[in-house]
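Here the chain labels run A, B, C and D in written order, and each chain numbers its own residues starting at 1.
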Amino acid sequence: MAHPAKAFRAAVAGASGYAGGEVLRLLLSHPRIEIGALTGGSNAGARLGELQPHLLPLADRVLQPTDPATLAGHDIVFLGLPHGQSAAVAEQLGEDVLVVDCGADFRLKDPADWEKFYGSPHAGTWPYGLPELPGARAALKGSARIAVPGCYPTAVTLALLPAYTAGLAEPEAVVVAASGTSGAGKAARTHLLGSEVMGSMSPYGVGGVHRHTPEMTQNLSLAAGERVAVSFTPTLAPMSRGILATCSVKARPGVTARQVRDAYTAAYAAEPFAHLLPEGQWPATASVLGSNHALVQVALDQGVGRITVVSAIDNLVKGTAGGAVQSMNIALGLPEELGLPQTGVAP
Amino acid sequence: MAHPAKAFRAAVAGASGYAGGEVLRLLLSHPRIEIGALTGGSNAGARLGELQPHLLPLADRVLQPTDPATLAGHDIVFLGLPHGQSAAVAEQLGEDVLVVDCGADFRLKDPADWEKFYGSPHAGTWPYGLPELPGARAALKGSARIAVPGCYPTAVTLALLPAYTAGLAEPEAVVVAASGTSGAGKAARTHLLGSEVMGSMSPYGVGGVHRHTPEMTQNLSLAAGERVAVSFTPTLAPMSRGILATCSVKARPGVTARQVRDAYTAAYAAEPFAHLLPEGQWPATASVLGSNHALVQVALDQGVGRITVVSAIDNLVKGTAGGAVQSMNIALGLPEELGLPQTGVAP
Amino acid sequence: MAHPAKAFRAAVAGASGYAGGEVLRLLLSHPRIEIGALTGGSNAGARLGELQPHLLPLADRVLQPTDPATLAGHDIVFLGLPHGQSAAVAEQLGEDVLVVDCGADFRLKDPADWEKFYGSPHAGTWPYGLPELPGARAALKGSARIAVPGCYPTAVTLALLPAYTAGLAEPEAVVVAASGTSGAGKAARTHLLGSEVMGSMSPYGVGGVHRHTPEMTQNLSLAAGERVAVSFTPTLAPMSRGILATCSVKARPGVTARQVRDAYTAAYAAEPFAHLLPEGQWPATASVLGSNHALVQVALDQGVGRITVVSAIDNLVKGTAGGAVQSMNIALGLPEELGLPQTGVAP
Amino acid sequence: MAHPAKAFRAAVAGASGYAGGEVLRLLLSHPRIEIGALTGGSNAGARLGELQPHLLPLADRVLQPTDPATLAGHDIVFLGLPHGQSAAVAEQLGEDVLVVDCGADFRLKDPADWEKFYGSPHAGTWPYGLPELPGARAALKGSARIAVPGCYPTAVTLALLPAYTAGLAEPEAVVVAASGTSGAGKAARTHLLGSEVMGSMSPYGVGGVHRHTPEMTQNLSLAAGERVAVSFTPTLAPMSRGILATCSVKARPGVTARQVRDAYTAAYAAEPFAHLLPEGQWPATASVLGSNHALVQVALDQGVGRITVVSAIDNLVKGTAGGAVQSMNIALGLPEELGLPQTGVAP
């Protein structure tokens, strides 16, 4: 190629964690990104090869501390930091730097929601990195700040968005989602040991207390044009990656199976990464392991008058790093699919 | 012991399958049962040690064909047969023989339900082997026939029974349950290969079509005193054993968290195998692996006005073979807990 | 029963760990043991139900601190402590108390081995709790101290004992063993997270540095009557429980397949928990999950003149708590099999 | 790009199996390959989306029968067929078509080996697709036929090649390898059910009878310049993908740890896909999931005078489809790394 397109230079803060590692995996295949500084907290000074041995091309990179000097001089900075830390780092980055926050700090619009669920002052709201949400692409285009959605809200919003946009469902959703353990991060905790999670399913954060609940409510209410109540139960599944979200909503009176299918078909016909499966085929998380696709299927249960929707995503790809890169592409004016994995790694 | 109590002699038809194997595992520890004939279909003639290598004390037993002559002369006959086959076998067994059917044939009361979900004529209804259900112990006592409940209906009924008995919930339940793969049996099918299920969650039988749905409706309606509609979505989890059932019901107006907790506490205070966990502790399937206990926890989500209940069982124990032995104990007038495992095998 | 046999009272120090938990699981089914004090280190004061939710009958027990006053007044004290801590505790227990140490402190005979592999002064040597080893039962009988073998040495010794006792193999063994993650204990460490171990096999302690190596050498040398060199590579497998040990030794010149089989048949014909499988059937760890059996199979590879032996055990049962209870039975003069699980929990 | 390089058109026979599916996954990312006909046996007529739902970009492709007309008109034909079927298909393809056989038919040089292990007449020998083997690249360059190595021989040869090429080891290797279940293929068999393999390790083909044994012997003997005897024990691990090969060889007298490390460093310094890890870091299969890399580590156990080498590969990538594409690149004169995944998908 005579005139290769300019590469953007990206730093990743929190490169030793699962979110940071996955951002790097994707950026390594992205034709327009050059990987710059990698930073860590307690891991600063370590070779990336010890911490992320699967990222072989970066094995000899050494983690630097997460400070302004290290992050300076990049076009893009990805933040994979514990919640509450992004605001301070972002403040020190210029307004011409694209800051992509994989944490929760800037996702919620309502300060009261933030304070209730996170117990700290609200840092603000950034353009929300779920391109499939109405208005999201316009807000992301050219933005210098992106709030990457939570993994559960991504799966659940993509499952229910067409139903609410088309006005087919009552404004109350019951959601039970199973997540792989990587969603809980890389910090060592007893209940996340392999011995504890293999062969076991368990719920947590039951009864409306999980922090992703207000984010789902925010997204679905936006789609519905009215407040949607969400009963959300997350469960931990014995697998590393993947979210399977099973969502149930009451169908509005008179809604037919044909209407439901048509709404979903129309909603996702042009979406590059939200995909309605052919009738009768249900999604499995294995089909999207490593891929940026969300697979969706829907059924109307005539007997109870409820619509059941199931979506599958890779929590670290479409649910985190892939959503981040997809939104970054939009912000930078690049093709939205650029550098994003189209196939799962199965079996 | 100078005068050991008389042993009952039990035959197991379908001893090469998962249900039959688990019945045998439990009977081997039962102080009042002597194991008689073991039969198989296509596996007749094989050593049990090849098919069920974990049942070492029975390794040299040879499977016999499932026919009347083989099953004659036992006090108890357990049937672990494909659905539709139990009626013919049971007919040939005398009315003085206790027949415990681990299959579906005699669970449903409404012939129309049976025909709709199984597509064949209804064989009849036997006393239902869920002792915790109102009236069940009385019906089981002295009975010569027991219909062992399905694994999902066991988990879901034990989760919601107190809420409906106490009149706390509206008559519509949304249930999402994750099951280990042993629930699908031992027949070789591609989608159940280890390569396909490890690392993957997937739904099946979505939209009200799973055969356990009418059984749940039957049980919950009995508890509620009115028809309870059930939206049921089963999912396959990457583990061999265990069911985690997450159930959501609308609280009746004015119901308080205290009332909910009190109802569950009262319902299970005297139950030997249905156990309400202390507040704040949620059940994991690993805690009941190999055990006959059902662990239950409940929360009232004030924000949406719904009650969320989660139960965990071992699908092969409380969900099949343990439920069968517990009901057998009642039928025979033995202590209900006799020979049943009280602890899980964890981690 | 008019005159029930006297119960022995047992305390368990380290009841919150995997070894202590498994000792409790087994003791709950033991007809001659009454469970006394349960102690923990940092977990003292906690309900056992929070830490070991599978031990439902003990859920309301509260952990006490591990000190002499708490452990006093028991017939038996099981120690499930980090290595190096057992000697101090044992010293304070009377010589009439049976102390069963599940740790490593008293396993090795040669102080130099201990110092090389553990880097601390040698505490001494206690009767070794592998009854199948020549002379072990005599040493255990009536003893007030038992050193429970390591999990890998148990699996490897039972695999190679008949070959060395019968003089069939050259004195060099190559051993590769896969262990479930529970062998690494319950302390939270990043590389043991479910996200890290699921879907992954990895070696550790390669090149003769694993602490179980001198213990294997000690056992096999005893059997062979000459020093046996052991090349041992442990690997971590994506499962909670189980050890599969694959052992390869050079056959002595002229050794035939018949001789090999006969030696193994003879060695284990009368053993209650070491079991040679029928020809052609190879052991799987799932077959012994929860059981105290060791399953063994052997083949002579004529092409290379080597004998391959594979053994499977549950690392927490025969490899720890089951071995401990079996040895305790011998020490107390009880039937050796009393209270020990004879069947695996499968699938 | 003004003048895009010509694309080669590739057909895949056996596209519904694991090998065929993985070839397609890799080809979808290959910049010089256009995917042509996809064929299946009993699955002809089915949508690929039903059989390989992770290959979303090809979901609407329909499988055609595996016959000469369908395969005609392609530059490359990949064969993912049961062994014994490749010869007949290959014969009907012109000599100008590059045929890449993922099966075993053309791997062995010695007809007697073939007949002994496969029980059928030997079809012949094709250039062997393990570029790291001495002479292999020269033989592959421009070849119209490629025999893709077996998965175990790939892992084992890459582990031991440097030791034998450098003359450091005696000509007898003891190999124990753990494989994910995808190595056993997609045909439904009871012992490969998820219920059977999860939580379990088991050996198979013990005692020199596994069909990959002569292939290892062939490769290692070529490296050593003398016949190397191989004692090989494969084991099935509870994971979908990955091989961890643990290899033990006697060091030649006087060999030092320095010599061993230097030999491995030199052997793989310039290899794109065989990688010696830094000292002290051992490979895990998770690090290469989805990647074409082989990770290797080596230690000299001074105590027993043996060299232990461990290698990790993805059995479906470097062990099958990745090896196939890497060799294809060489045959076609393309850059060897073109289109091959450089990173694993972890955690």
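Definition applied: a residue touches a chain if its C-beta (ideal position, glycine included) is under 8 Å from a C-beta of that chain, and two chains touch if they have at least 3 such contacts.
If you want to know which protein each chain is, UniProt gives these names: A, B, C, D = N-acetyl-gamma-glutamyl-phosphate reductase.
Computed from a predicted model, the values in this text were never measured in an experiment.
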| item | value |
| --- | --- |
| Length of the shortest touching-chain route, subunit A through to subunit C | 1 |
| Furthest chain, CA centroid comparison against subunit D | B |
| Distance from subunit D to subunit B - Cα centre to Cα centre, in angstrom | 45 |
| Length of the line joining the C-alpha centres of subunit A and subunit B, rounded to whole Å | 38 |
| Subunit A residues counted as touching two or more neighbouring chains | 18, 180, 182, 186, 193, 195-196, 198-199, 238-241, 283-284, 286-287, 289, 347 |
| Residues of subunit A that touch subunit C when the two form their complex | 18, 180-182, 184, 186-190, 192-199, 238-240 |
| Parts of subunit A lying in touch with subunit B, wherever the complex brings them together | 172, 174, 176, 178, 180, 193, 195-196, 198-204, 206-208, 213, 229-231, 233, 235, 237-242, 244, 246, 248, 282-287, 289, 297, 299-304, 306, 308, 310, 312, 347 |
| List of subunit C residues in touch with subunit B within their complex | 1-2, 18, 21, 25, 28-29, 47, 49-50, 52-57, 182, 186, 198-199, 240-241, 275, 277-278, 281, 283-284, 286-291, 293, 295, 342-347 |
